[in-house]
Every structure is written in structure tokens, then in C-alpha cells.
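This is the structure I want to talk about, given as C-alpha cells.
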Amino acid sequence: MESKRLSKLPEKVIIPLKQHKGMPCVPMVKKGDSVVIGQKIGDCKDNNDSSVHSSVCGEVLSIEMAPHPEGNKVLSVIIKTIESDQTVEFTPTKDPSPHDLIELIKNSGIVEHYGVPTQSVLKPDGKNINTVLINATSSEWIGGKFSTPEEYGTQMLEALKLLMKAAGASKGAIVLRSDDAESIAAFSGIRFEGKQLEVAPLIGSRKIGYYLKDQGSDIVVVSQKRIYGKRILNFFTYNVTGKKVPVGCTPADVGVAICGVKSAKALYDAVYQGKPYYETVISLEGLAHCPPQVLVRIGTPFKDVIEACGGYPSESGKLIANGMRTGVAQYTDEVPVTKTTTRISFQKPEDVSKDEAIACIHCAACVDVCPVELVPSRLAVLADQGRFDECRKMHIENCIECGKCAVICPSKIHILQLIRYAKDAVEMAYEDIPAKESSNLKLGCACGGE
Amino acid sequence: MADTSLFTIFMDGVFIKNFLLIQFLGLCSFVGVTKDVKSASGMSGAVVFVMTMSATVSYLLYTYLLVPLKLEFLSLISFIVVIAALVQLVEFVVRKNIPALYRSLGIYLPLISTNCAVLGAVLLNVRSDYGFAQSVMFGFAAGLGYTIVMLMMSAIRERSTLVSIPSAIRGLPQAFLLALMLSMAFVNYFWVIPI
Amino acid sequence: MTDGNRDFIIIVGKLVLISAVAAALLGITYVPTQEQLKDNIAKAREQKLLEVMPLAADFEPVYGDTIINEDGDKEILYYVAKDESGNLIGYAFFKQQPGAQDVIEVAGGVTSDFGKITGMSVLSHAETPGLGAKIIEPAFKGQFKDIPLSQLKLSSSGGSIDSITGATISSQAVIDALSSKVESIKKAEG
Amino acid sequence: MTFTISAPPHRKSKITFKTIMWSKVLALVPVSLVSVYFFGLPALSIILAGILAAVVTEAGIQKMFRHKITINDGNAVLIGLMLSLIMPPEAPIWLPVVGSFFAISIGKHAFGGIGSYVFNPVLAAWIFISSAWPQLMTPLSIPHVGQLSDFLLENGAGLLVDVSPIALIGGVYLIYKRYVEWKVPLAFFLTMVLFPQTLNVLFAAVELVRAGVLNPLMYLSLMFKFLEISNELSYSMIGVVFFGILFIATDTPTSPVTKRGRLIYGIVCGILVSIYGYFGNYMAGIFYGLFMANCVSSFIETTTLPAAFGSEGMIGKFYRRFMDKVPSSLKMGVLSND
Amino acid sequence: MDPLSEFIRGITRDNPTFGLVLGLCPTLAVTTSVENAIGMSAGTAFVLVFSNLFVSLMRKQIPSTVRLPIFIIIIATFVSIVDMIMEAYSPSMYAALGVFIPLIVVNCIIIGRAEAYANRNGPFYSVIDAIGISTGFLLVLMLIGGIREILGSGQIVTFGHTLITLPINPSVTTMILPPGAFLTIGILMAIINYQKEKKRVRGE
Amino acid sequence: MNLTTLLIQSVAILGGLGLAVGIMLIVASRKFKVETNPLIDEILGVLPGANCGACGYAGCADFAQRVVNENAPINGCPVGGFDVAKQIGGIMGQEVAEGEKEYPFVLCNGGVNCIDRFEYVGIEDCKAVMMLSDGEKGCNFGCMGRGTCVRACPFGAMSIGEDKLPHVNKNLCTSCGLCISACPNGILAFAKESEKVHVKCRSHDKGKDVKAACTVGCIACKICEKNCPVQAITVTDFLAEIDQSKCTACGICVEKCPQHTIELRSVP
């Protein structure tokens, strides 16, 4: 389904110079400069960072710390917009080499939805990637700027090939959600490399390795249950490829790169149209008139998106960047849409959960729902008491931050928040180790990749 | 009761006359060393060993030395000396060879010699006129009963560090209230089982 | 001889010395108390016999065949109770019976015609305090005073003895002790 | 416009502790009504006294220690009601009052209140008062299910709950609605059924061995013994046992939280209750057995904490070793992932 | 250090049950009645006084390697004496206290005092300490015994005299059984903890 | 058997037992000798045993070991304070000088006087709020009043008062400093009893911003600086600071401060 562009141009856009995990970019403009669409305004030298581009034509108002949907303040370029479609020159690349692709990704500022710049996912320092996965299991990322299902299917396959080429990977897979009939239908119709594509379900111990052999091809399309969560990469890798990612390591350590639909599409556009990453599709929820998706320019404040969609349905409530499960609640609507924004959700006050947490009643509901076999109730208490090394002994790092435990808890304990608190503390201790050599926390990476 | 069957003695020692909950023997270590399962199991292991050993040794001492010489009145003093020596020996060995266990048991290993349970088992053996096999079995069973209760208790106390307990109750009062519950369970449950 | 070895000997010597003193002390205490103890036991038994058969003036033991100690004493089966004039008035006895916890040693008396129980008393027991231990209380003991042998049953089975609440087993044990011993005396006396 | 901020997830389930408590109370209403109908005023007064005493004690304690008063979460009401329902109808009115007081003060608050207690307050109170006043706590009769109609209305009812096992069906509904966890009651119930049946088979086998039967077919036919309803079963399937399975064993703070732990706990409950029931009676057995199981539940929990996700269990390891040895040409279907 | 405060200390701060938390077994086991409590404390007091005295007298002679065995021999001697005397002259008490009379030998209080006090102080103060601790022990035992007896059997009967009778009938049998001991001491300790904590927050 | 034989036999038996046990124990104690430094145990004996880690080592035993083996400072245990340091000094044969006792001091007056930017639902912990956004208070430097410090105190010395600010109970505080390092916003600092005048604000925001968020914050008006008779106050980077070595606790600044940001502590 084609998604609509936002009807009104925002008065000003706020383009954070850091829309990825890593160091912020160096601004390439200064106050008073005028910019055009697609102009690079923040540059990064490091392989692990990603440049940013202007999404509008206009004049730079200021470069200052501004609220960021992640919750903190980030150095941002604030641009007063002018109604104009002037862009920098977009030049498509013909038959790019892997090196060209990586450079292109870097220059186009393509970032994965989980914040890591795509080039460092595909070409991590000192590690080799042999499998590229496109995770299409989350509904926010599907649809987007495709006019027909066929276009979605073919463009994704093309993008996957580009990604594999860039990474030097031999295998690739697109992972769909098993109850997303629309996408499955989109892929099922396609002929690919002379064969009719079939979407294969991942069941039990049948991982993609089986289908790669079975179908005798390098690229497969598979489907599995939806996985929520902020830290799903390792879990996702295990579920899809059967490869276990040791604690403290990333999928790259087992040769897997995970990309999203958005970055795949962005790469496709960058190669075939020469466009950098300056607009993105987001979905909306809970507003007065919600279209399912809109195409917005990166940097558009939430306020403008919400106004364009009929405004707030109530006086107060909860504004959330990204979904109800994993999103970050915002205290101001002056935050911009960034490359990692997938959704804007709004909750009316009567829907906002404000239940007071009471003591855990050991109902074990959280244990039953946890997809990675943790005991969330115990982790929550240990985190609350500051017993972080015990949390570690109970494999707290495995938590994919899906939040199912906090959803189901009848005592309304903020389990996920506590777990993240403890994970944060454990990570801090990990960073501290060379300096302080704490004796009660012994952390380490089992993969030897450090 | 000299002809009581070994099975009866076993059940008696482990459950029906449980040292900790029903006979009140060995309570100091029960409230002291049950803060976590690891040290409780170490302590229990030590007690089972010492109890079985001292039941054996004291039986031999009593039957083959004191009784023939009609010196039964020396039994208490000689038992306690033998037990103390035995424990000391175990302590030396553990300290040298398993320092981790020694550290976690802390002061409790030497205190086994002054643990009522060990001497209690020996004295009850003498009072019940048990034979050799019966004495050894009773010593072992009593140790096992001790172990079971120690494990239950320590698991409960370990878990209860995860929940909120009123500050006045935390610590010893809680241990006693838990003991109240455990002893209500033991006293009432094993009553029916005919042995 | 090295210093270490001298220490060694001193330490062991002290230990031996203290043990010896302790042993001597104990021996000195043992002898008088032992006599008192024998006395006590004899007195306690006699008192119990009197308690269950207040009318008797003399109890004559009836010996069995089993020898119970090295001095060659024989097992006492029961006592023949005589009044001042030497007439047979009944039989008194001790009986051990498994109770709820441990063995209960019961004293009892029966008239010479085996018609009536003259009384009951408990020599030793290990019943639960508050439950079975109530068998030594007058309220329970009193129920056995001069009752027809036919009434020697719990009230729930048609007799006259009310069992102690929560301690039926102990109550029954006492009754069983009395009735079984009376049976065996009856047999022995022909 | 002020927004609310909290950590994700932002939408939570509607089931709260309060709803669980009140729905348990609701699920016990039918059996209370039947018992009032059957036993009349005494039953009603016992139930009311128990509930009232529990609520007053809870409020009193929370007031005394300046805690938030939580009587409307339904926990105190539930404890009072549950305790009253396991009294004999002949009990004097002060008995449920003392029981409720013990349950709330020692059983619940001394251990830290909701979620913190290790021993079910209702059980603890029942056991305390029945060892304090055994004569008052023993019902005039101990029920046994002779025919199907006994499930509907048990004429020889012992305790209040025994009047009608079928009226406890609300408990099953709670499990179905996921207000209550299913692993413990299911494992418990199955053990309660299988244990006497297994005994049936064992005893029959012993009989055969005694009789010196050598024919293996005779031994094989013992299988059918398993399907024959044993006497023991009709003694165990009484109201109070169902009450124990559906309402006491499912009291969450007293059971382990781990998945395996809950199954083991259910089985342990079943075995302990069956043993006591076999030697004594199931009416007291259910309470003593469950209380004993409470004692070991923490131990079960600490020993069944799950390993890291993705690590293989013993069986898995064995299976993999075995499959590694099998030449790949012999393997069917599942191919190696690499 | 003055004798009176040393004596009082044994009752309050170094109270064997609530302060030092030692010797719990007899504390719980024999407190089914006030009478037993008194008997047990008397036996313990005898042993404690003499063992403290002798350990203190001999403290300079005792080589530290075999300190514990020697203490134990000293203590065991006095315990055996008490055991024999009680058996001979007070058989009913002896029967009621059962195995706990010989077990005085391992009562942690006695060995604890020998180690912690008598081994470091002179004979006079050691005896005072022993008397103080014994009095503390007696008071606690009588308190627990009193609570358990009055609730458990409805009355307190000591050496044939009925001291108090409770109007409640029937009495709470559980209190005499093992659980009653744990309940009583648990609640007493909770109360003491609560008071202590209040005092601490208010600033000593 | 007469008394004499009885005595002889018992003395022989018990004496023999004593002999056997004595020899066995001494032999065993030599054979299984484990070398430990008795000083460590001795120091461990005088340490409070809270295992709070405030000394910077993994618990009291570790600290004791390091004092003996690695020359850790003998006054390293803040919980035990001077008394313990003196005792350790005695064991180690070192002298310690007594310092004045310090207590944590709350450098923020905000609490209920400071606006909230949003409504927070979640765990009661300042770090947790910080993780979600830069804190709920209008002032980025202010105390969030969610009690991370309270939870960090192993001695129960801290509490959050009606004013939504932490308070220290000096009877319970051991000056371990754990609360100070726990606070994510650096609101707490040690202050000596003798230091009486404090600026209860840490905001380096401009006066206008402070005023918008908080009614008691330092607006850098410099009135105190001008009025201080001994020039103990300087305003740098929009915040007044007091040089405690100069301050005479005259209290003039306290009176003059238009925002009532400066506090004069009464003598305890």
C-alpha cells in the first residue's frame, strides 16, 4: 500500500546529528546557512558512525542541544523550512562494487532501525559476515513506500542481493512474520532466479540452513512468529539460523548481519535513485485521524505529524516514539522523527497504565511468557535490591527486552524497567573493569571476538 | 526397644523424631548456618559424617570398655571427649584440603563438637539400648533428618531475601517463625505413618 | 629432646592430669548417688504398688524363670498382695506397653477374684506433654479406682474410662496394659 | 500539555492482583451457598465470623504499623472465607475468629504480607488450630464419594467445603481464564488419581506373587487393574481435596515459579497428600500434605532455576551426541543447519 | 568493671537467649513448664559457675592447642555430677528433662562463656559472670515456660502449687508441643527487635 | 567392686583417653598446619562486618587482608570510623589522628518547590528516571527525590521527607559515603559539622531558567557576594559558592538571599 506524504511541510525541522549509536556527527553547516533537500549537513569519519542529510530546503536557525526521542538531549541542526523541492543532484550508481556499496551506505547515512549504521553491520571491524538477514517481522516496517506488493517483494530481494554483495556474504534470507498474510502473498507470487519463490516456515529445528540446502539457492524467504523486543538480535539470530551468539557478543561474531526493511529500502533507493536517507515511513496510533502510515521527512517534530493527523484526542496522556511494547515515552512533542523512529503512538489518559506496583505474588505468569527462559520475577527483585552480579548469574543479558513479563504481571511490577536498570549497571561494571578490577563482578566475552 | 527394626529407626531418626524440629537438638546451627543453601549443605554434610562416626565410635567405646568395667558413669565425659577430638580432626583436614568449605562454615565447624545434635544422638543410642547396626543407623538417620530440615530451611531463607520482611522480624525471629511452620508440618504429618 | 617435644609432653601431661582428676571426682560422686538411686527405684516401685493397692500391707514378688542381671536376680512377674493378717487380697503388677511415643510403664492392681481393678498408676512414660502426658494426672488415674474389670474399656467402646482428648492412643495403651497383664496373671494363678 | 512517562511496555494486561483475589472469592460463593443451605445458620455464622475477623485483623495490623490499608484488594476476605470453609459446621464461632487472626497476623503479616509468605496462611492457621483444639476441629464424619450424586451434594459432609465438590467448578473456570496457573493443579490432580491406581496395580501384583502365580499373562492383565477405580480413589475425590487442588495449591507465593518446579511441586503435593490420606484420611491429609509441600517448595524452586536460553538439557545433549554419530545419509528430514 | 554491672549484663546485653543467642536447644526443649525451666536453669547454673571458676583458675595453665578439650573435660565433669545428683535426688525432674541434663555439656552458653569470658578474666568476675548469665537464662526460661504452660495447659503448677489458672478452656495444646516453643520465642524476639530498632532510630 | 578399684579404673580409662586424644590432636595439628596471618583475623574481629564495600574493597575480609598485606589505609573503613581505625592502628602498630566527623549534605532545596516536567510512572529510583529522560524536575541539576540514595544506604540513615528531599539521620549515619556515590545527579556531598552555611543549589542555569523551574534556586543575582563581610562567597558560572575556610557563619547572606537558597544550619 502506498503511504501518503505528510500534507503540510513543518515550520522547522530538528535534525539530530546523532541518529545512531556512536559519536555525533560534525555539523557541516552553520547558523544562517541555507540548505537544500539531500544536502549532507553532518559528517562522520568513523566507520561506526553515520552522516545526516537535510530533509528540507531552508535556513539553519541554530545548532543546539534539542530533545531527542531516545529521552536525552542531542546536538541538532534546526532548520527553518521554505516551500521548495530543490534537491542536491541524485545520481544512481550502476553496477556498484562491494566497496562502492559500503561507501554509498556511509554517504547516504543509512542506519538500521536498532541504531547501528548499516555499513558497520555489514562490514564489522575484524569480522566476516556470511549471512545477511532482512527482518520483516515487525509490522511497522512493512509496507512503506512501495506501490504494489510485487514491488515490495522484488525490491526487497534486490536489496538483499545488494546487502549480501556489500557484506561479501554468500547467503541471505528475508524473514517474514507468519501471520502477515499480505507480505507472504507479496513474496509467494514472485519468480526469483527462475524459480517460483516459496515462503518457508521456520519450525522446530528447521532453520534457514535446512531451506538453503533444500531449495538449493543462496536466498530464501522464511516466516516465523513475531518477536518483539529491543535486544532481539541474538535471539533472532538463534531462531532463524540456529547459531548461538555468546553472551556479550553480537550476531556479527557468528557471521550474521541483520538488516531491516527500512534500511534495505534505503539502500535500494540510494543505489537506483541516488537518494540519501532523508525520509522515512512511520505508522501512527491513537491519534484523532490516523492514516496507517505516512512518509515523513526526518527531523519533522512529532507535533507537526500529530497536527497533520488531526491533533490529540485528549488533553493529556502519553506520547510514545515507536510501539507500545518497546517505545520510549516522550515528555515533549518537540522531538523529531529520526531514522530509528518507526511509529508515533498516543495513549489517552484513561488508557495510561498507572497501577501502583505491589509485591510480587510469584504467580509465575512472567516466567511462562518469557521467550528466553528467564525468571523475570527474580531478576526484578534482584535488580531492585541492587544484587546485580546475581542478576548476571541468572543470565540477565539474555533478556530481549520484549516486555511480555511486565505486560502480564498482575502485581504491575515494572519488571522490564528493573531489568534494564540492572543490565545498565552490569554494563557499567563491565566498562569499569580494566580501571577498577572489581572482584565481585567477573564479566567477559566468551566468543573471543573482543 | 533393643530389637527395633532398622527401618523404624531410620524413619524415626529422619522424620518422626526429627532432631531439629521435634527434639530441639542442634538449633544453634539451625538458625546460624541456614542463610544460604550452600553453607547449609556443607554444614549438614559435616554433621552427617560426624554423627555417624561418633555413633559408631561411642558404641564401641561404651560396649567394649565402659560396660565391662562398670564405668557407665564415665560415658558422658568420654563421649564428649571423643566427639570433640573427632571434630577437631575433621576440622584440620577440611581446613587444609577444602579451604572454601572451611571459610563458608566459619566458626561452625568447631562448634559441631558442641552441637547438641551429635552428642544427643549418642546419648539417645545408649538410652535406647541400641545394638551396633541400630546405633550407626540412628546416628546416620538423625544426621539425614537434620540435613533435610537444614536444606528446606536454607532454601526458604534464601528465597526470603527476595521478598520484603518487616525489619523487626528479619533475622532470628523470622527463622523461628519458619521453624514454627516447619515443626507444625513435621509434628502433624509424620504422626499417622505407622512404622 | 627438642623444645617442641618438651611442649608436647607437657601438654599431653596436663591433659592426662586433668582427665585423671575429673575421673576421680566423678568416681567419688558416683558411689553415693548410685546407692541413693537404687534406693529410689525400690521406693518408687513400692510406692506405686501401694498407690494401686492401698489396702495391702505386704507385696510378695512372684518370680519368673528369666534371669535379668549378673547377680542372678530373676524377673519379677507380679506381686501377691496381702493384708496385715496375711490374707490374700489381690495382685499388683507392673506392665510395659507401647504408647503413642514410647513405652509406658504402668502399675496396676486387681482383686484376688479378678473382679475389680483397684487402681492404676504410671511409673514412666514419654508421651506428648499436654496430650498423652495427662495419663499421670489424677483426673485420669482416678477413673481406674475400684472399677469392675468389665468396665475397663474406653467409654467409646462401652466402658467407663473417658479417654484424654487428643490422646486416645495413650489412654488405650494404659487400658491394654492393665487388661493384658490381668489376663496373664489370671492364667498363671489358674 | 503534560505527558506521562514510564518505561516500556506501555500497555499492560487488565488482570490485577485485586481481580484475581475477588474472582477467587466469587468462585467460592457457590460452595458457600450450598453449605449454608445444607448446614444452615451455623455455617453462615462461621463464614461471616471468619471473614470479619480476617478483615478486622488486617486493617488493625496495617493501622498499627502505619501501612497502607489494603483490605479492598480482597486478600483478607479470601483468607477469611477459605479458612471458614474448612471448618467443621459444629465448630464454635470463636474458632474461625482465632483462626483468621492467626492466618492474617502470623501467617501473612509476620512473614511480610502479600507475596512474601512461604506458608499458606490458611493452611498454617488450620493446622495451628487443629493441633490446638483437635477435638473441636474434627468433623463428625469424614465423607467419601460412593456414587456420582455425592459430587453434587455430599450427605455425609465433613467440613463446610465437603458439601458439594461440583460447586467448586469455579476454580476450574479461573484456571481456564488464566487467572490461576494450570501446571500445579493439573500435576497435583493427576498424581492424586494415578497414585491410588498404581497402588491398586502394585497390591494386585503382590497378591499374585504371594499366590505363587507364574503365568505372565496374569501379570499382564494387571494393566486392567489400572483402569479399575480403586477404593482409595473414592476416599480421595472429596470436596476438600478439590478445594486444596484448586484453591490452596494454586496459592502462588507458596509454590515455585519455575516451569519445571511447578510440575514437580504439583507431583510432590499429590504424593504427600496421598501418603497421608492412605494411612490416615484425605480430609486432614490434604492440609498436612500441602503444608509439607510448602516446606519444600522453596527448595524445589532454587534447584530448578532454568539454565541460559539455548543451552541444551541432558536429553538434548544425549540426542545430539547420538545424532552426530549417525551418518548423515541415514538421517531423514531434518538436515544439519550448517 | 564492677560486679553489679557485670551481673546485670548477663541478664540484659549478654542475655544468653536474646543477646548471645546461644543454648537454644534447652531453651526450647524444656520450657514446657515453669517447673522444668527452673530445674534446667539450676542445673545449668551449677555447671556454669563451677566451670567458669575452674577455667578461670586454670587459665594460665591451659595450653591453647588443647584448650577446647580441656574445657570440655572440666564442663563434662560437672555435668556428670549434676546428672548423677539429679537422678538420685530428684527423679521426677530428671525424667522430665530427659536427655537435656547431660546435654548441658554441649550447651553453647557454657563453652561460650568459658572461651569468651572465664579464659580472659579472674575467678571472681568469672563467677559473677556465671551467676549473671545463669540468672538471665533462668528469667528467659521462666518467661517462655510460663507463657507456654499457661496457654498450653491453662494453669501454672510449680512444685505442687497452682500459681495461676487461665479462665480459657480448652487450652491451646499446641503451645506445649514443639511449635509452641518456636512461636513463643519467635514472637518474643520480634518484640525485642522492634523495641531495639525504635531505640536505635531515636538515637540510642 | 570397692571405691578404690573404681577410682583406679576410672582414672586409668579417662587418663588413657586424655593421652590418646592429646597425642592425636597435637600430631594432627602439626600435620595439617595451615599458615594464616593471625593479624587478619584480629582486624576482621574489630571491623563492623557490614560488608558494605564503602572501603572500596570486596567486603570486610578483603579489607582486613589488604591492610595487612598491601598497606591499605588503616582508617579505610568509613563505617567503623575513628574507633575502629584506632583499634586497627593498635593491631598494626600505627597511629591515627582523629578527624572531624562528616555527614552527607543535600545540595538542593528544590523538591516540592521545583516544577515537574512530566508525570512519571515506574520504579522509585532516580537513576531509573534519568535513564528514561534527563530527570523529571524542571531543573536539570536538582534532586529528583526518588531516593536512590535512600536505597543505597546500608544503615537506613536516609529518608525522603514531605518536602521530597532526602534527610540524613545522624544517629544512624556512619559516613560511609555510599549515598553520595549512588546519587546520579551529584546532589550529595560531605560536609563537616562545623561548616554551617551552605548554598542549597547546584544549578548552573541562567537566572531566568532557574526562576521558571524552581522558586528556591540560585539565580546568580550576586546579592550574597556583595553582602558577605568576609568575601567568602563568589558566584561563578551562575552559582554562588561559599569558601568554608572564610565563612564565619554570620548569616547575613542567608537573610539577604531573595530565593532563600542559602541555609544556616543550627547547632545540632
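List of remarks:
Order of writing sets the labels: A, B, C, D, E and F. Residues in every chain begin at 1.
Everything that follows uses one rule, which is that contacts are C-beta pairs under 8 Å (C-beta built on N, C-alpha and C of every residue); 3 or more make two chains touch, one makes a residue touch a chain.
Computed from a predicted structure; not experimentally measured.
Among the remaining chains, those touching chain A and also chain E are B, D, F. Among the other chains, the CA centroid farthest from that of chain B is the one of A. We define each chain's centre as the mean of its Cα atoms; on that basis chain B and chain D are separated by 32 Å.
Look at where the CA atoms of chain B average out and do the same for chain E: the two points lie 21 Å apart. Rounded to whole angstrom, the centroid-to-centroid distance between chain A and chain F, based on C-alpha atoms, equals 42 Å. Mean C-alpha positions place chain C and chain D at a centre distance of 47 Å. Residue positions of chain E with contacts to 2 or more other chains are 65-66, 69, 73, 76-77, 80, 84, 170, 173-175, 177, 179, 183, 190.
Residue positions of chain A touching 2 or more other chains, listed in rising order: 328-329, 331-332, 352-354, 359-360, 378, 414, 417, 420.
Shown for chain C are the residues that touch two or more other chains, namely 11, 15, 18-19, 22-23, 26-27, 30, 34, 165-166.
In this structure, the chains touch in the following pairs: A-B, A-D, A-F, B-C, B-D, B-E, B-F, C-D, C-E, C-F, D-E, D-F, E-F. On the side of chain E, the complex with chain C involves touching residues 32-33, 61-63, 65-66, 69-70, 73-74, 76-77, 80-81, 84-85, 87-89, 91, 95, 98, 152-153, 170, 173, 175-177. Interface residues of chain D, counted against chain F in their complex, comprise 2-7. Chain contact summary for the complex, chain C toward chain B: residues 19, 22-23, 26-27, 30, 34, 102-103. On the side of chain D, the complex with chain A involves touching residues 1-13, 15-17, 19-20, 112-116, 181, 252-253, 255-259, 262, 305-310, 334-338.
Put simply, chain F touches chain D in their complex at residues 116-123, 128, 131-133, 136.
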